[in-house]
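After this come two complexes, each holding subunit A, first together with subunit B and then together with subunit C.
For the complex of A and B:
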């Protein structure tokens, strides 16, 4: 007797969001990247469709980051120059470039101005071909100022602007609407606030196919289970028809994994049995990403080139059809 | 699981609709369609009422009117199956047939019709002997209806079982029996059939209609009720349902939960 596979039938799906714009679409990108669109739980291809492969975004900054020794061999030659860094990220296999304008933080000694930021974005766009996401410096007022200038400078390129938060989303939403860009909405690992933020952004007039969610990731060993359960619950909501929980999700696997001592501590400072730093750090980031991939992440912000290789291989395996 | 609100207002039993049906005046019918849409109705019930000279003709006319102004599926409310079929011919797929009792000749007329038009059915836990009092009898009928759905190729999702609530000032002892029926009906199959109630019935003839309606609705929801034929323009009732739906963990909480509940 043939075995009847019990299949869950869902009524909803994750919203599909396109990042970037090609020449025909009014931009200058060589290609666009589609996020989301799934009508089933992660990688259950036999129950629904997973039209878009999870994407890899490389993290780049407009100033030299404090990433230290583990990254010196990889980015040491480029991290003083965001354009060179962006080009290198493309060479290393970035689907998307994620630029954090950390240098505009007003707490710094010589903070960059909104105009400086706009120029940086413009030059990066002129010298690269991948779709771009841009995060402001994190300071509410400066964020608004910077992202407005960036939105104007990148008009037509369909970049993503972030981060919009519950208490500071109006100006960023306006900048996104003006330049016809996407917006990244972030909540502090809180599903209720995330949903409310999505409602407020939508009420501003942003189209659903322009919204990306950053529910904030936690790294492996530092509360990743909270991120996991929130993403899982949001995806379930999306699949049963909750449109305000149906936006593609970005996972901050790189930045979160490398905050953990387990990833960066050199051997002499390592805990018992931890082993060499290099493979340990690479695995820590890859494992963080792998867990968030299972939770339903649509795009992964990554840092270490070797972790990216592992993640890509893992995605290849998971994207193989498993139809019964 | 979502809660399906079925708007009861386009019914010839209401004076304005009764008059409109008698005079073939489209205005009140289309106005109530829009008004119930805005309130978040998942279905719009259409009942030609007692003033229609020709129930088949009036049903078709009313369905066409509502389809013109609304994309919300229609619940065709009639005991005249020719009138229902006339409505199904002009409705979009996904309409709801209201209703069919657990009587064999009627099941054989209605269930294949639902399969043919891609419609769903409100199925009543009663037969020609009337509405039973006990939960056991109600659940027995529900079981026959679930089996009939399978027999005629309908999925449990196509069935809205109505365990029939009566006015509390006439048959108060039915209220807890209906609650117990709701608890058991969701055990009949996996996935379970939907359940519904003609909610306004429970308060018929009392001076506290909105209060009794919303309290009973929330009580019934905790027993598994996932739909009701109701006054969707009663804001307090809709907000009570939105709150219950959220507290049952069917919808993810956010500060605007009651507002988004209405946005289908």
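For the complex of A and C:
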């Protein structure tokens, strides 16, 4: 019995966004990374094209993070030095570097200044070849100050600046436009705010091919289904032609997975059946990422090198053509 | 997608006999269309009309049940492509393979022992797949008997040799196992075996075409589908087609639950592959691994995916004692959103300091959402706390609130006359908070 393959006829697609700039393009990156561009649901290549495979961003910080024992063996020798850390992330297979300027948080004892942050970004760019994304310290005013300085220091490199939020996006958008960078718009697991923020950022004059969405992932076991459904709805919106839901999505698999006790608790504090911490932590992050892949994630913020290895192999399998 | 009243009316006797309880056949047709009446209320409907009405009003994907006693697994009866359109109803059954020529009893013991607990939920493996790896009918039969003697989990009998299947199925006839699989060569015999013990039968095609063909001609309706694909991206494509054709086109040969087998050798990659199959419509997924990290994460994912998006998940509001509490025990408060509650409960437990935890009625909203919605504020908590039973349980008046809502401190103190201590913003800060501030 021949089965008539039932294909969805979509009119829209996910916006393609390029991160980084090579020498020819006015930057110093060895390569650029393209995000998004899909004209179908995740991995259904038989009914549309998926021109860019999901990318892997490694999370690095400008100060030593409180990641504890599970990460000591991997980053213990570099996490006091953002440049060394960035280089290590490249060695471990980062497509993109994601620098969080946590050290500029004004609530810290000796917060780094906007100038310090600009210098850190500059020296990271001088010593690495991957495209860069930069997240400010989170404090609204300091964010603006820091990201403006970073945007200037990285002029021509087409980095991404974040996080622009509904109540604080104007000056970040201005910094992004000034330096011709991309912008990361964050919405709090809310499809309406996601769309509203995209409209506001676009109205500021940012080009659509410069916008990345961070709809704030929830981790496995702790509300990931909310993120999953919001991403599925946004992807569907993009495919039926809503351009304000069509920006590539970053998924915070690493940071969210490692907030869960299931990932970091040592065996003596583990729940019934959980087993050893190491494989559990690696799988908690990999599973978080893999689940969000199925909802349409375009770039994954990751921490554990072993989780990244698994995720990359899994993406290889998902990206194999499945035409009928 | 059911029929309209008018379409149903055309199939009724149109005699207006009133025996169904409504005055006219038209009125009865309208009642049927809206689900307020059932066809058996009409004594005169023809068999022919009955069949076409039943198939038109049948669910797009048939509900299939496997297993017996307390371990019945319901599969299929799904209605949507996306969980946000309604919900997914019957969680994917997670099965683990056992080769018939291995130490079956030991392996089944191991599978029985796999049990995971987190956030107030318990996860266990749903079924055991006995695989006729030996190719020998007697070995298969003995292995099935050995497994059945060890476990009440649902059994999946994997052999395409009809004679081996017949002998093995007879041993577990009363357990309603799933039989795998009917193919182009053996389907008549397999259907006969399945019918004899009323067990669900998997049809295994070589492609979607072949699978539809088999499902159409097998002459049995308790089916589960396997398109034969084993490559991850291909399985996802096939499963999506099967679900889509069943729901959107009511393509009957695909109106059944589905089964997927992992093919990855590495257990971690295997778990990720199984994750994709759970996300993309498998009713059963069969794995080889028994690694704890793989199964814990997979069960957690399944539980999240099948959470009903239409209702907030809440715990019973009230005062919970954690550990051997005394009148000196500290008192924490959080919302009754179950994820929040269980996360806090886990952390309070791990301080090893017996404590009270209040799950405050916020209609299942999380702390910040409930605060923003006026359900977790001083004006709500204060009056409740003032008259609460907690006043009789402890000899102090100190309440620990989540750090994210420090602003409600003053109002609670004013109304309830309790001292409010601002706790950490995140649950994972509770243990250091308890050490520092409570001497845990």
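Throughout what follows, the second predicted complex is superposed on the first by the 322 of 324 C-alpha atoms of A that agree within 3 Å, B and C clash if a C-alpha of one lies under 4 Å from a C-alpha of the other, contacts with A are read in each partner's own complex, and residues count from 1 in each chain.
By our rule, contacts are C-beta pairs under 8 Å (C-beta built on N, C-alpha and C of every residue); 3 or more make two chains touch, one makes a residue touch a chain.
Just so we're clear, the structure is a prediction, and the values are computed from it rather than from any experiment.
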With the two structures laid over each other on chain A, which partner does A:46 touch: subunit B (first), subunit C (second), both, or neither?
second
Now for A:268: first (subunit B), second (subunit C), both, or neither, which partner does it touch?
neither
After superposition on the shared chain, which partner residues are touched by A:126: those of subunit B (first), subunit C (second), both, or neither?
neither
Touching partner for A:107 - first (subunit B), second (subunit C), both, neither:
neither
More subunit A residues in contact - subunit B or subunit C
C
For A:233, using the defined touch cut-off, is the partner it touches subunit B, subunit C, both, or neither? Pick first, second, both or neither.
both
Can A:280 be said to touch subunit B (first), subunit C (second), both, or neither?
second
Is A:167 contacted by the first partner subunit B, the second partner subunit C, both or neither?
neither
Looking at A:195, would you say it contacts subunit B, subunit C, both, or neither? Reply first, second, both or neither.
first
With the two structures laid over each other on chain A, which partner does A:24 touch: subunit B (first), subunit C (second), both, or neither?
neither
Subunit B/subunit C common contact set on subunit A:
233
Enumerate the contact residues on subunit A facing subunit C in the complex.
1-3, 5-6, 41, 43-46, 220-225, 228-229, 232-233, 236, 259, 261-262, 269, 271-276, 279-280, 282-284, 286-287, 290-291, 293-294, 310-311, 313-314, 317-322, 324
Note which residues of subunit B are touching subunit A in the complex, please.
1-2, 251-256, 259-260, 263
The answer for subunit A against subunit B in the complex is residues 191-193, 195-196, 199, 233-234, 237, 240-245
Flag every residue of subunit C that touches subunit A in the complex, lowest number first.
82-84, 114-119, 123, 208-209, 212-213, 216, 231-234, 236-237, 240-241, 244-245, 248-249, 251, 253-254, 264, 268-269, 271-273, 275-276, 279-280, 291-294, 296-298, 300-301, 303-305, 307, 309, 339, 343, 346-347, 350, 426, 428
